[in-house]
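A, B, C and D label the chains in the order they appear, each numbered from 1.
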Amino acid sequence: MNVLPKMTPLRWGIAGALIVLLELVNRLAGVGMSLVLTEMLILALFASSLNLLMSYGHMVSFGHAAYFGLGAYGFTLAVARFDVPVELAVFIGPIVAGLGGLVFGALCVRLTEIYFAMLTLACAQITFTVLFQWYDFTGGDTGITGFMNPRFGLTEQNFMTLVLVVLVLCLFAMAWIVKSPLGLSIRSVGQDRWRAEALGLAPRRVQLTVFVIASVFAGIAGTLFAVFQGSAFPDYAGLGFTLDALIMVVLGGLNSFWGGLVGAVILVQLEHWVLMVTSHWELMLGLAVLVLVLVLPQGVVSVAGRLSNMLGLGRKK
Amino acid sequence: MLFLIASGLTLIFGVSRIVNFAHGSLYMLGAFFTYALVPLIAPGTVGGFFASVLLAGLGVAAIGLIFEVIALRRVYGAPELMQLIITVALVLIIRDVVRWIWGPNSLSVPMPDAFMGALLIGDNYFPIFPFVIFGAGLAVMLVMVGVIRFTRAGILLRAGTDDRGMAALLGVNEKLIFSSVFAVGALLAGIAGGLAAPYGDVNYLLDTTVIVTAFIVVVIGGLGNLYGAFAAAMLVGITKALGILYFPRLSMVLIFLIMAAVLLARSLGRQGGPSR
Amino acid sequence: MATKTRTGVSALALAAVLTSAAAAEGNTVKIGYVTGLSGACSSISEDGLNGTKLAVEELNAKGGILGRQIELIVRDSQTKPDEGGKQARELVASEGVDVLTGVCSSSVLLAVEAVAAEAGVPHYAIIGSTQKANIEAFQPNFWQIQPNATMEAFAAAAYVAKKAEWKRIQPMGYDYEWGHTSVEAFTEHLKELRPDIEITDPIFVKLGDNNMGPYIAPALSTKPDAIYAAIFGGGLVNLIKQGQGFGLFERSNLVTLTTVDALQSMGSTMPKTGVYGIARAPFFALPPSEELPGFIESYRAAYNEYPTDWAVNGYDGIMIYAAAVEAAGSTGMDALMPKIYGGTFDGLRGAGLTVRAFDGQMSAPAYVGAIAFGSEFPFPTLTDVDIVPGETLMWSEDKIQALRGAAN
Amino acid sequence: MKEHSLLSVRGVRKTFGQFVALNNVDFDLPAGEKHALIGPNGAGKSTFIACIAGQLPGVEGTVLFKGEEVTAAAPVDLARRGIGRTFQISRAFLDMSAMENMTSAFVIANGAWASLRRSVLANAEDSARSMLETVGLGDHAGSRVADLSLGDRKRLEFGMALANDPDLLLLDEPTAGMSIKERHHLMDLVAARIDETGKTLLFVEHDIDVVLKIATRVTVMVRGAVLAAGTPAEIAENEEVQAVYLGGHH
């Protein structure tokens, strides 16, 4: 397992095959499955953005949903309140999320570890409360609906394909960042801020940078989600989404580029299939998380890594 | 009231460095156990009520202990995040099981007759029950301070809070300490839930309501600081009351702002200091 | 063991074949029921679902709708709007449901309505309501069989106005859209009816706040003759229990929403006097009809409890839908909606109810009365119940259009 | 000589509660020196280094570097002004490879921490590779730092400290925990590098043999104050030093 996504031709092949497979399932398995897949991919992007923060910056956020929500509302409000054309508004969502990340991040990076996490929680709750209570502007608890054709009016299948494309592009962008000098700086500060400082790197500036980047990607996910649902509700910025994303990252595997992605796939698919059998979804999820964390503390990705090593698929050292 | 919840949470964090998301769930369990016990033990009497609460607390402590031993103990070495996620898993499990057993409806625990009604001082009514809760909370706090100050267990506990390595050097069984602290934390949560049960409704969503407030109190009080938690509980209670009067729209934002301000002030105090 | 499993599997397979065959022929009427079985709404949702199930069973026993059996497909929204929207979308897309209903919370209602309107599927509300669904977000696929927030608040105001001895009223409400709408409507209507009454500044209660003390004390400090509280569920239980410690019911009165489930869960802790309740469909005060005793009986037989307001509305909802479909001869939206908006419906809650075409609101009555402890039921009920006709509670079309204009 | 000091410290005082760790220390370091700081445990050597490196709050007195006041400056600022350092307890990016550590140092030294360009990375990697060779870690480039021996880690840290070509190099017990052979090996490397570049070195060291071999000047600290300063030969002869220092040690 490696923190950096190292792509061998074989892995490219597997990734390509998976994308093709997803698209096939999308086209052939019925509209219901397309919806599940769309949600899965959007959450995968959201979880990946949190993973960027956690696995590389070693910053654990308890309030990442704030930027998901800001992305959704940035887009929705631009369309519903300022009559911005939809094509333009999709860029406003991530920008608003990034600005939110800049403001809150500037405060949060003054703290470290659990104090950092608690401050992100406070910031997220403030965001949630404002969205929930500012009736005249955000629509309060009943949110904003009916301001546009959901999915830009695309069919469920076509929208899922669009989301897939966006996700792949975003993953490329994230991989690019992670492998760049900036990515190296982010990891350096994440590992040992004092060493980084002694080398002449200002830790807070780096942390703020990655915080904003993660917020922008969360904002893209939030914008996609608002388009998907055709609505925005304060819940999007709530603790529920944050916890879901945290669970995804940990389930998928911390310290791995693919952690958020894999975790989202597991969680959404688990939910989809478990709910068909029993209504005790929370119980099942709780037990599954418990078992997985106890049995596979490195996350599911580690198994994939070990398996591929066993099969000789991994990169030779 | 808030203090009781927060003290358990802060205690667990102080010693084990675990952010226990399941603390609200343990509180809720305490309320439901009390609901189940009150009709069985001398219903309507003060003694019966307190006995029920205590038993409920012990039941919650037992559940906390079992959870600590089978799950949490295995991940003390792992990143803090793992422990956190495990407690989140516990939140989900408890919530679903409670809904399974007691159903989704709001339940009502009858108040002991003696605590109904109000003290009438001049024209002002002072409901009795909050005073009872406050008194019980104070009593628990005094007991805890006593234990921490004057008993061997307390000394070991303080050693554990200050420096885990030192505690190990003292020949302390670290596992035992962690387990018992978690159980005591759970006990406090359970008692808090039981005590508060007759005052409001009891439903399976109490956990979320409680945990966020408890976090705020613990953070404002200084993570792991028992006396801080007491002061913070007061502060939050007063802020809320004043907020409702003067800034009804902002009362919740206000409390989070205080939390953020406290955190930032703390960081300024430490600014430039070494990490170790 | 092996055989048993195999039988089980083939039975499942057979069932699957049957269902899909039936679906392919369009043989069943599919009702998509999205409700908050978990989350904040779960207790209410379950009651609504029970009433709905009972109605479906009765109809199916009589041969269904248009000779087709009814298939009730239930999904859990977890009381989250995104989850509700997703479930509704899936019901429409994969199951091809003929109608959507069941939603409890107002935000989920809007999310589901957005999906239903987009897909051109009829949708009706039985529990959750929000002004937005009738005004700015209204689409002609929607109707609502229960009184909305404004109507209940108007009923409360009318009741309060009749109490000549009350001179000062303190409004309270949950701090979210429904609470604010209720308080505003109550204040507006009461001012019209009784210009002499003083209405103090409203107090809003944060959702999920268990401690009502900080709200009760300032509410009582204005020395009101009555407090109007747009609060329900756990918060109402808290308000009533904790209010007793503040002497609320000696010093003042409380006018609030007392649905049957609230009465049940309060039980003996309900104060003997000083509480006046608005209910949506209290089984003990419904107008006498042929169906009512049978309904109560079979509901008790099936679920071992008295039907709550939510159960009654769940039941009525299906019956109204069934009547409209029978009249239209089709489940299609184009045929159905004129019958919904043009028809008159008889239900458990009374005869001759109509649905307005411009906002989808049914002229549902509201029930207001004083709390009483009788020997007939193991929980308090309402006495001297005024049944306020829905027509008198609804805003005029002009007003609705004006509000729509203001919102857009 | 004092006006040409690269580093000039006046009246530096640092307390931890009641405990006075440094008491009015004056210290001058001319450019080009290889200066050793010795003294018994608890003498304040590491605290002194930490004060210069801007790691401690509440330091009284003045610190001048290249004639400019840097008393309250942040570590980042000091690093940019040309102070490089290693830590007493090895600090490196443990979960990254030696190569990544070194590359990171060069990326930062080039002021390109926020760059997204691969070419910047490639340049830094070239420099990193040759620096790894210089410090003798060429064969370990791909190893995780957490898997390296302590000696290798110290050498890595030394190399990283050199990345931005610092004018003053602070090494806090660079050889602690190493074998005698390793110590000499590392310090020979350090000395050679300093001689080659003409930069300045201040290091804390317990091994007297190493000090006598490497240092051009030595300062002895005891109980938070300077006891004596001079050439290695002078210090070796100083009776006071022998009494306190050797007495404290043997």
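To be clear about the criterion, contacts are C-beta pairs under 8 Å (C-beta built on N, C-alpha and C of every residue); 3 or more make two chains touch, one makes a residue touch a chain.
Source: prediction; values computed, not measured.
**Q** Steps needed, at minimum, to get from subunit B to subunit C via touching chains?
**A** Tracing touching chains, the least step count from subunit B to subunit C comes to 1.
**Q** From subunit C, which chain is the farthest off, judged by mean CA positions?
**A** Computed centres place D farthest from subunit C.
**Q** If you average the C-alpha positions per chain, which one ends up nearest the average over all of them?
**A** A
**Q** Please work out which of A-B and A-C is bridged by more C-beta pairs in contact, and write that pair.
**A** A-B
**Q** Just the number, please: Cα centre separation of subunit A and subunit B in whole Å.
**A** About 32 Å separates the centre of subunit A from that of subunit B.
**Q** Taking the mean of the C-alpha atoms as each chain's centre, how many Å separate subunit C from subunit D?
**A** 74
**Q** What is the distance in Å between the mean C-alpha positions of subunit A and subunit C?
**A** 37
**Q** Quick one: report the Å distance separating subunit B from subunit D, using the average Cα coordinate of each chain.
**A** Result: the chain centres lie 48 Å from each other.
**Q** Indicate the residues of subunit D shared as contacts by at least two other chains.
**A** 55, 74
**Q** Going through subunit B residue by residue, note those that touch at least 2 other chains and give them in order.
**A** 208, 249, 252, 274
**Q** So which bits of subunit A are touching at least two other chains?
**A** Each of 133, 194, 281-282 in subunit A touches at least two other chains.
**Q** Looking at the complex, which residues from subunit C come into contact with subunit A?
**A** 37-38, 76, 80-82, 85-86, 89-90, 93-95, 106-107, 110-111, 113-115, 117-118, 130, 132, 137, 139, 175-177, 180
**Q** Applying the document's contact rule, which stretches of subunit A touch subunit B when the two form their complex?
**A** 54, 60, 107, 110-112, 114-115, 117-119, 121-123, 125-126, 129-130, 133, 193-194, 239, 243, 246-247, 250, 254, 280-283, 285-287, 289-290, 293-294, 297
**Q** Of all residues in subunit B, which touch subunit A in the complex?
**A** 19, 71, 74-75, 78-82, 84-86, 88-93, 95-97, 100, 208, 212, 215-216, 219, 223, 249, 252-253, 256-257, 259-260, 263-264, 266-268, 274-275
**Q** Which of the residues in subunit A come into contact with subunit C in the complex?
**A** 30-32, 34-36, 39, 132-133, 135, 140-143, 145-146, 149-150, 156, 225, 229-231, 233, 235-236, 240, 275, 279, 281-282
**Q** Contact residues on subunit B for subunit C in the complex?
**A** That would be residues 1, 99, 103-108, 110-111, 116-118, 120, 125, 127-130, 196, 198-201, 203-206, 208-209, 240-241, 244-245, 248-249, 251-252 of subunit B.
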